[in-house]
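Structures are listed in the sections that come next.
The following pair of complexes shares a single chain, chain A, combined with chain B in the former and chain C in the latter.
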Partner chain A sequence: MEIKKTAIAGTLESSDVQIMLSAGSNGFEFDLESDVAKQFGDQIKETITKVLKMYDVKNAKIKVVDKGALDLVIKARAIAAVQRALDIVDAPKWEVLK
Partner chain B sequence: MTERIQDIYLSNKSAKQEWMAFLKKRGIKNFAESETKLIEQTIGLFDEQDRLVATGSIANNVIKYVAVCDIGAHNKGARFNKIISEIESRLAQLNKFHYFVFTKPRYQTSFEYIGFKALAATEFGVILEKGTPNVDDYLDEIPRFDAGNKIASIVMNANPFTNGHRYLVEKAAKENDYVYVFVVKQDASLFKTAERLELVKEGTADLENVAVINGGDYMVSFVSFPAYFIKNTDKIIKYQTLLDARIFRTQIIKPLGITSRYLGNEPLSHTTDLYNEALQKELGAEIDVVIVDRLEVDKEVVSATKVREAIAEGDVNKCLKYIPSTTVAYITANLDRLQLRIKKGQRIDGN
Partner chain C sequence: MKNSINREIPDEILKEKNYQAYTTDDFGTPVIQKVAPKLRATTGSEKVVDSLEDVVLKTVKNGMTISFHHHFREGDYVFDKVMRIIIDHGFKDLTLAPSSLTNVMNDIVVEAIEKGVVTNITSSGMRGSLGDAVSHGALKNPVIFRSHGNRARAIETGEIRIDVAFLGVPNSDAMGNANGMDGETAFGSLGYALMDAQYAETVVLVTDNIRPYPNTPASIKQTQVDYVVKVDAVGNPDKIGSGATRFTKDPKELKIAKTVNDVITHSEYFKDGFSFQTGSGGAALAVTRFLRQSMIDNQIKASFALGGITKPTVDLLEEGLVDRVMDVQDFDKGAAESMHQNKNQQEIDASWYADPANKGAMVDALDVVILSALEIDTKFNVNVMTGSDGVIRGAIGGHQDAATAKLTIISAPLVRGRIATVVPDVTTVVTPGDSIDVLVTEVGIAINPKRKDLIASLSKIPGVPVYTIEELQKMAQEKVGTPKPLEFTDRVVALIEYRDGSLIDVIKEVKD
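The block that comes next holds the complex of A and B.
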C-alpha cells in the first residue's frame, strides 16, 4: 500500500516513542533519534518494519524519536501511525492487531 | 502528581501577564506586536498548585516562545518534552508536519534530543527543523549538474522580473557552466510566488544553462527572520542575514556543487547592503561572491520598485524600458488585478 499522507503518533515523553511516517520511494528510510540507538536501534527499526510489512507498505520515510519505549509500545505507536498514514483509521486491519 | 496542559489565551489580559512574566524570567523579552500577533496557539503546562511551569506557542510553521521551569519537575527535560509533544500533535492536527524553531545556542541539544536538526547555528541563535519534507527532501528535488563545472547561484525575489534581473542572470550564465536561480518563496510581495517564479522562468527560457528553482524555506525565508531574541534593528538585520548566509553555506552549497553566488549591488538600501556584506563574509571563504553593478537605462538604475510604482499609477508605459517583453505581457494582461491588490493594502515599497 502507498502512504497517502504524513502522519504522526506517540509522544516525546519518557517510555514512549514518536513515529512520523511519510511517503517515500526508496524502501524504508529510517531516521532514528534515541539514547539507546547503539544497543536497541536495530531492534526498534525491526519492530516498526514488521508493522509496515503487515500493512503491505513498501516505501516510507520513518522518523523515530525514542524515549526508551518498550517493544509493545513501539508496535502500538507504529500501528497507530500507519493507520493514519494510510487513511484507514475507520477500517482497521483486524488481522494484524492480534 | 498531575501536571496538566492547557491553552493560554493571550487575549485574556491576566493570562498574558502571567505568561509574559514567566518568559521574561527566562530571558525571552521580545513581545513586540509584530511578533506576538503571529501567534496562533499558546499552551501552558501547569503544576498541581496551578503554577505555569512550561509554555510554547505556534506561529504558522514556527514553534516560538518556548520556556520551561525545571524546579519541582519529575526529571530534567520531562516538562520540555511534554510541551513540545503537545505542540507537535497540535501542528499535526493542523496538517503541519514540517516545522522550525529558533532558540538560543544553549538549548540546541535539548531540541536535537527530540529529533530536531540544526540548519544553522550562530552566536546569537540556532535555527532547527523537524519533520518532512526537510532540507534533504528539498535538495532531492533540485536537478544536479556534474561536479567540476562552474555552477553559479542567484537568489532573487523578482517582484517582478526586470531587465536588471535578466542582466544579472545573463552575466552569470555567460561566466559559468550552469546557473541556479532561486526565487524567494515567501508570499508577501505584490506579485505572488507562482507569478514571480513563472516570470523568472519565462524571462530566462532562452538561457539553456539556467535552472529556476523555488527557494523553499531555506533562502530569504520568513522563517529565518526571527526578530525574537534581539531588539536593535541593525542587530536584527545582521542576525537574520548571517543566519540566511549560514544556511546557504552549510546546507545548500555542497550538495548542489555551487561555486559562486552573484549579487546585485544595491547602493540605496541599507538592508541589502548589510545582507551583501554578510554573504561576502560568510560565503567568501568557500565560493566566489560576485557583486555586479546594477544595470542602468538612461542613467537610471533599473529597479522593480519603479515597476511597481508604475503599476500603482496605472501607467505601464513608464516602466517599459525596465522590463522584458514577458513581464510586460503579464502586467498588461493583469493590470486590474495587480492594482486591486495595491488598493487592498499590499505595500509596494520595500521588497
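The block that comes next holds the complex of A and C.
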C-alpha cells in the first residue's frame, strides 16, 4: 500500500510517542528521537515496522519522537498513524486490531 | 579482582591508588589516626580583604587541593567567582574537593577541566553537562565519589588534604565568626562546610554581610579562619532552597508513601523514642505527613529526626512530635529560617552526622530511614549515581551512611517511563544490598531475605502485598521489555568509595 498523505498520531507527553508517517521511496527510513534510544531504539523501530508490514506498506519516512512509551502504546500510535496515512480511518483493517 | 558483591575492580586501580576492595558494610572498631592542619598564628587584625583575586593569588598554588561547600545549592555565586579567577590566572593541576557539585557549577568545572586547571575531583556527586563530560572521559584521572560521612572520614584521616577552603557564608564578622542561618542568603545548617573550616590549612570566608564583632551564634569560629573577603553577593536567595514544599498529588507517589508509612508503623521500631530520616523529594515529604498522623493516632513521639531537613520535619518538632532535629543541611527556606527559633534544631557537622571513623555518629543511632533509588537490583544493591544511559547524574549524599540504620527502606516506583527501576543488576553499586531491608513500590514490597524478623512482622499488613524482589524485577521487565545492555569502554572515569574508603564499584566511560 502506498502512503496517501502525511499523517501523525500521538503526543509529546511523557510515556507517549508521536509518530509521523510520510511517503517515501526507499524502504523504511527512520528518524528516531528518544531518551531510551540506547536501550530500546531497535525495539521501537521493530514494533513500528511490524505494524507497517501488517498494512503492506513498503516505503515510508517515519519520524518518531518517543517519550518513554511502552510497547503497547507504540503499537497503538503506529496503527493510528498508518490508518490515517493510508486514508482508511473509516474502514479500519480489523484483523490487525485483534 | 571482584569485590565481595561481585563487582569487577581493576587490579591496577587497587594497586596504583592503594585501595582495598569492598568486603562488608560493618566498619568494625579499628584504631584511627586523625590529622591536624598546619596554621599561621595571627591576632587577626588583617583578616578582612576587599579583593577576592588578591586572596586567591596569595593562597592558591599549582597542584593544590581546594574545596567549597554546596549549601547555597543552585543559588551559589562563590564557586563561580573563585574558579573564574583561578582559570583566568592559568593555575594548573588543581584537585577540586567540594562537599558536592550543583548544576550551577557545571559549566565552569568543565572549562577548568578542558584547560587543565582541574585534573582531579572528589565529590558527593555531579549531574548535567559535568556528569556527561566526565562520563565521556573528559578528566584524565578518575573522579572519586564519596558519601558525606566518608568525606568527613577522608578529611580527618588525611586522604583528602585541603590546602585552601573557600567557604561562602551569609554573614561573618571581621575575625571570621560566621553562621549559615542569618542574612539574606541564609541556608541554615553549615554542616558540610564545618569539616573544611576545621581541617583546611587555609580557610577563606567569602561573604556579602560583615557584622559587628563578635558575631554569634558562630558555627565557624575565628580560630579557624585566615581571611574574610567581602563580595557583592554570595548567592541568589531564590535559588538556595525550594520555597514552600508542595505535597505531591501523584497517585503513584502517594501510594508508595502510604505503603512506606505502613511498613514503618508495623515494624518493631515504631515506638516511643524512635528516630528517623526521610530526605527530600515528593514521596519522602508525603511519608512525613502520613507518619505525623500515625504518630498522633498512636501517641508515639520520636527522639530525633536526622539529615537533610525540610519544613514538614520542622513542623513535627514544633508540634512536639519530634524532640530534636539533628540538622546537617536544610532543603528549604522554612527549615533554614527555623534554626533560630528552635533551640532543639541542632546543627551537626558531617562527621557527627555520618562518619564511621568516629566514636559514634548520629546514623549509628538511627532506627528508620527512607531512601530513594535510580535502580535497585535483585541483590538489593542500590544505584543513585548513573542514569539509564550509564552517564553520571547523581550523588551519593548520605545514602550509604544512613542505609546503616536498623530499618532501611528504599522507596521507588517499579518503572519510570520505559526504564525499569528494579533490575537484575544495577549499572553502578553505590549502597550494598546488605544495608537495605525493604523495597517499597506502588505494587507492593520486597523484604531482604536476610531480615527474617521483618518477614514475620511485615507479611500481614492489610493491603500491602509482599513479593520477592525477583518477582518485582520480572513484573517491571514484563512492562517495559528487555533493554539492550549499555556499552562502556574499558576506561575507568570514576571510583565509588564505600563509606569506609574501600572500593565498592567503578564507573566506566560510556561508548557513544
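We take it that the second predicted complex is superposed on the first by the 98 of 98 C-alpha atoms of A that agree within 3 Å, B and C clash if a C-alpha of one lies under 4 Å from a C-alpha of the other, contacts with A are read in each partner's own complex, and residues count from 1 in each chain.
Methods note: contacts are C-beta pairs under 8 Å (C-beta built on N, C-alpha and C of every residue); 3 or more make two chains touch, one makes a residue touch a chain.
Everything numeric in this text was worked out from a predicted model, so none of it was measured.
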Query raised in the report: Clash or fit: what happens to chain B and chain C when chain A is overlaid?
Result: fit
Query raised in the report: Now for A:V36: first (chain B), second (chain C), both, or neither, which partner does it touch?
Result: second
Query raised in the report: Touch check for A:T6: first (chain B), second (chain C), both, or neither?
Result: first
Requested in this report: Examine A:Y55 and indicate which partner it touches, taking first as chain B and second as chain C; both and neither are also allowed.
Outcome: neither
**Report entry** Partner chain in contact with A:G68 - chain B first, chain C second, else both or neither
**Finding:** second
Report task. Quick one: classify A:S15 as touching chain B (first), chain C (second), both or neither. Result -> second
Report summary line: Shortest distance over all C-alpha pairs of chain B and chain C after overlay on A, integer Å, is 7
**Report entry** Residues of chain A that lie at the interface with chain B and also at the interface with chain C
**Finding:** 14, 35, 67
Report task. Please give the residue numbers of chain B that touch chain A in the complex, ascending. Result -> 75, 78, 81-82, 84-85, 88-89, 92, 97, 112-115, 130-133
Report task. Name, in rising order, each residue of chain C that touches chain A in their complex. Result -> 388-390, 416-419, 479-481, 483-484, 486-487
**Report entry** Complex interface listing, chain A residues touching chain C
**Finding:** 14-15, 35-36, 38-43, 67-71
Report task. Could you pull out which chain A residues touch chain B in their complex? Result -> 6-8, 11-14, 18, 20, 22, 31, 33, 35, 61, 63-65, 67
